[in-house]
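Below is one structure, written out as structure tokens, with a few remarks after it.
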Amino acid sequence: MIYSYYPGCTLKNKAQELDRCARLSAQALGITLEELPEWQCCGGAYSMATDEIASKLACVRALKDARTRGHDLVTLCSACHNVIKQTNHAMAEDADFALRANNYMAPEAEYHGETKVIHYLEMLRDTVGFDKLAQKVTHPLTGKRIAAYYGCLLLRPGKVMQMDDPENPRILEDFIRALGASPVLYPYRNECCGGYATLEDKALAQKKSDTVMTSAREAEADCIITACPLCQYNLMKNTPEAGRLPVIYFTELLAQALGVDEEAKRA
Amino acid sequence: MQRIGVFVCWCGSNIAATVDVAAVSDTLKNEPGVVFSTNYQYMCSESGQNILKDAIRDYQLTGVVICSCSPRMHEATFRKAAAAAGLNPYMVEIANIREQCSWIHKDKAAGTEKAIILGRAAIAKVHLNAPLTAGESPVTKRALVIGGGIAGIQTALDIAEAGFEVDIVEKQPTIGGKMTQLDKTFPTLDCAACILTPKMVDCAQNENISIYAYSEVEEVKGFVGNFHVKIRKKARYVDTTKCTGCGLCTEKCPVKKVSNEFNLGLDNRRAVYIPFAQAVPKVATIDADHCNMLKSGKCGLCAKVCTAGAIDYKQKDEIIDREYGAIVVATGYQPIALDKYDEFAYSQSKDVVTSLEFERLTNAAGPTGGTLLRPSDGTHPHTLVFVQCVGSRCEDDGRGKSYCSKICCMYTAKHAMLVREKYPDTEVYVFYIDVRTPGKNFDEFYRRAVEEYGVHYIKGMVGKVAPRADGKLMVQACDLLANEQLHIEADMVILAAAIEPDPSARHLATMLTASMDTNDFFTEAHPKLRPVESPTAGIFLSGVCQGPKDIPETVSQASAAAAKAIGLLAKNKLTCNPCVAHSDEWMCNGCSACEKVCPYGAITYMDKEFRMPDRTTAIRRVASVNPAVCQGCGACTVACPSGAMDLDGFSNSQIMAEVDAICKMK
Amino acid sequence: MSKEFDREQILRTSGVNPRKCMRCGKCSATCPSYDEMEYHPHQFVYMVEKGQLDELMASKSIYKCLSCFACVERCPRGVEPARLVEAVRLQVVRQQGNNHLKANDIPALLDDDLPQQAIVTALRKYSK
Amino acid sequence: MQNEMTTFKPKIVAFCCNWCSYAGADLAGTNRLTYPADVKIIRVPCSCRVNPMFILRAFQRGADGVIICGCHPGDCHYTTGNYYARRRMTLLFSMLDFLGIEKERTRVEWVSAAEGAKFAATMNDFVATVTKLGENKRLEDLRCKK
């Protein structure tokens, strides 16, 4: 199975582990991720304004490129996934927006949301299958209590993202089960970590991240997994050190369970 | 040539404001055959009708066109008036210049022009009208009530009281419906069981009432006065004539962990069960999905202990054919599923319950014996949060319902009040958007909850319920009046889930050819003036199947539906619709095309002797329509390849004349 | 610029119809930044409808929305208050010299682990 | 040309079944939902009463569009009438298309008694579509023109 792959800027820099483990695991699962050759930064946030066109063109180009290549587009970072998926939805559903965006692009090939955008997790669930994934696990994480942290961008707006029930998701929990570990349910797994507010309002980000961290700790989790570099940062940097659980990317956990992470083994 | 009179109604200013009524009557005066044309303020008033009657006599009118409101409104009125003046009522045609003209067109010139064209079309039609005489059909003097909740029970009792037979079909093993699950009822706080169970017993004892519990309507045929219904009596595997309801089988049954639907899954029942102590009929039912004997043939304990010998593992579903004159729908409601509202954590915590579940948790016959305990750990809750409008008043987004469920404000006030009365150590919060209490003594009731019982009413909605690891529910909400976000540590959260029509209603509506609105509530014949009748003749509506209602309203509507049904059953004969199909025997070639499309089986074939033009006689097979059975849909007229079949009142030539009049160049 | 112009522009940019609001306050009940805001999500809806824009545009509340879509997801009437907050903020930052965050400010805000994503997001949200 | 386009008023014949769509049209009126006066409604007991002859006659006499409205599938007052209408009209419309009467000029819509808003929206849309197509010149009996 071949997918086009959009890593995003953070995965090339501060979140290289998220990317590296994802590629290693995909390989082990027989999936080819072909990185789009000329992707540009998604912008980090999807502008909700109806008159913001130019800032969404980078996504449209990536989507169009994926269409040309003929494969579904896999994303990994929650923010990139959110922005690209929402842009794709707007191109398909909002004729006015699509018209204006297409006016910026090569006129001979209009784009109307034909590319299917899926998150790496959806690929694991729907293409690989969690039951098949479980069979490929060589180093099961038996006994580990893991808290899945969805944050906001992976699930919302539910009508557009359509990954899972936005209020009571299970995709990460099923993923954890497939790796042999026990998922820990806690109520703040789909509430915001504070996001980009960390830049100018540390106190706000600390408050929000602490709520999530405390909630996961009270549910007696050993660690937290996430798909978002900014969530990972906030939970690690903006929570008090005492009682802080380790926060890792879900792909790190995956690579570990599949036994493909050579670097980790050496370490 | 007909002598036609045209009467243009102003309808006060309803028509006259956007249609120049004088211009309409003046223009139509010049149409061929029109001998009289006038306009009047209210044609439907007594003096308006007198103008019509006088004109029919004075001008010897043979046809009448009324340009007024929809024929669905006053066609019957004008036909009656014409008949009183000696004109056949089917010589009257209505041009709808209100609903389909004056109310929708703001431009007076365009409205007037359209009104004239609609008038012309009606005149063209009347030219081809022929006097029709309505036939008669008999009435089966028995009513069917579908649904045995409080609505169905009240309707059945009233019909039976008037001396007519009535059957109740209920899909559950017992009648009683949702009301049996309630604890107290607002605004007087009577115990639901105390006022309902006597009525259930009355039903069982009334010799005019037959109860078909654990049964469903399978098929409906026929028409008003003459319905043929097939009822499926589902196998209970218990002979109801022998079972004494002693309950011994339910005690001995080894299958103990079947979710008890009567207590909404809050506790368990056995595979053989009686839903509750006051069930009517009070007989046991074996749940075939869980019974060991029926699944694997290994057990048979209940048959061993039954002293009456009532257990019958070989029982089969039984189909009963019955005939009815009237059918009353009383299929009721259910709370919506809350799986799409998990911000309230309904599927994540046992201590988040629906209001109906809360009724069971406070009911003396419920799983906790009436002591309010948290379902998760059986402890006494101290802080309770009620959330209103969960799924009601929503945008149509696939999650909730667009309408107000109407009963939630009152039952929530009741719950809050009862909790505070019984457990003064509790703190009770109610989050509301609006408190809607328009009913007799309703607002007073709600005020008592606030003023006497100290329930905290907070205007605002709950945004999230977070079940904490220590069992507390963190309720995050907004107090709009204080303009602050609240965080309440609650022990229980009670959700006032929206109500929706029972899912079985959809299929039933199709069988009855009764129409439904977009929310699957049955549509009434007129929203204000005929609220308990379906547009389909002989079908009446009782209770929540027509729209959200509380108990007092349901009971009044149930009695109203009964009165309408009684009015129908009291007639010996019904006047039939004379607009039925007929076949021109000379043109008919006996091909059977019409018979195949007739949904009523009204067309038969007979061999008839004809005297041919060459004076020989020939026997030909021709179609014949039974006018008492034909409902006048006209399917056969289009199917007929030779054009022999036509519909009285809506004949081919009449509709063609209307088409011509509308398309005619100016 | 006139108030009416601002209001029209905000409604157009956001695509929100504030008249759909039934004043239930679920947006404010669910908002993670509620305590940081002077005007809360439900007030944005009400004040834009009433044309009280000066207060909103002058308020720091417009920079407090985390774009977490919780109010969008949970609003029973599909009003989508976050779009309105975004539109009011854009109405401010799109004016000359009104960038809330300038490129020169950024180096001082960085630390070793801060993901790029945070910077681009903040720039997109706070600047034109 | 431009002027002609804006002043063109199409002739539209709407056949509405008595039980659902006629009542839906009444509801549109009761709710004061406007649609162009070019639409003239003919009441029939059921959509299955609409004989293809009526539609041919309408086009022959100068109609620019014909729409048939009935109860939603499964909701027919006569149980099955609308199914017949749907099948008959599918055949008729493709024949009309063959004869040069564009498919957009003919339409079957399901409108229930509760859907006043849908009725008005449908008529607005249909009138706009037919207006865009302009005057129908096919099938017209020139003798009917003055």
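In this document, chain identifiers A, B, C and D correspond to the written order of the chains, with residue numbering beginning at 1 in each.
Methods note: a residue touches a chain if its C-beta (ideal position, glycine included) is under 8 Å from a C-beta of that chain, and two chains touch if they have at least 3 such contacts.
The model shown is predicted, which means the values in this text are computed figures rather than measured ones.
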Message = Can you tell me which chain lies farthest from chain D, using the average of the Cα atoms as each chain's centre?
response = A
Ask   = If you tally contacting C-beta pairs, which pair wins, A-B or A-C?
value = A-C
Note = Rounded to the nearest Å, the gap separating the Cα centres of chain A and chain B is 49
Query = Per the centroid of Cα atoms for each chain, what is the distance between chain A and chain D, given in Å?
reply = 51
Ask   = Roughly how far is chain A from chain C, going centre to centre by Cα mean, in whole Å?
value = 24
Ask   = Distance-wise, how many Å sit between the C-alpha centres of chain B and chain D, to the nearest whole number?
value = 30
Query = Using the touch rule from the top of the page, what residues of chain B touch 2 or more other chains?
reply = 343, 397, 464
Set of chain D residues in contact with two or more other chains = none
Ask   = Considering chain C alone, which of its residues make contact with at least two other chains?
value = 70
Inter-chain touch pairs (all) = A-B, A-C, B-C, B-D
Ask   = chain B touches which residues of chain A in the complex?
value = 159, 165, 167-168, 185-188, 191, 215, 218-220
Message = Help me check something: in the complex, which residues belonging to chain C touch chain A?
response = 12-15, 32-33, 36, 63-64, 66-70, 72-73, 80, 82-83, 86-87, 90, 101, 109, 111, 113-122, 124-126
Request  = Name, in rising order, each residue of chain B that touches chain C in their complex.
outcome  = 343, 389, 393-395, 397, 399-400, 433, 459-464, 476-478, 480, 483, 485
Query = Which chain A residues qualify as touching chain C in the complex?
reply = 8-10, 13-15, 41, 43-52, 55, 77, 79, 152-153, 156-158, 166-167, 191-192, 194-201, 204, 208, 229-230, 232-233, 236-237
Request  = Could you pull out which chain D residues touch chain B in their complex?
outcome  = 11, 13, 19-20, 22-23, 25-30, 32-35, 37, 40-46, 48-54, 57-58, 61-63, 71, 74-81, 84, 88, 112-115, 120, 144-146
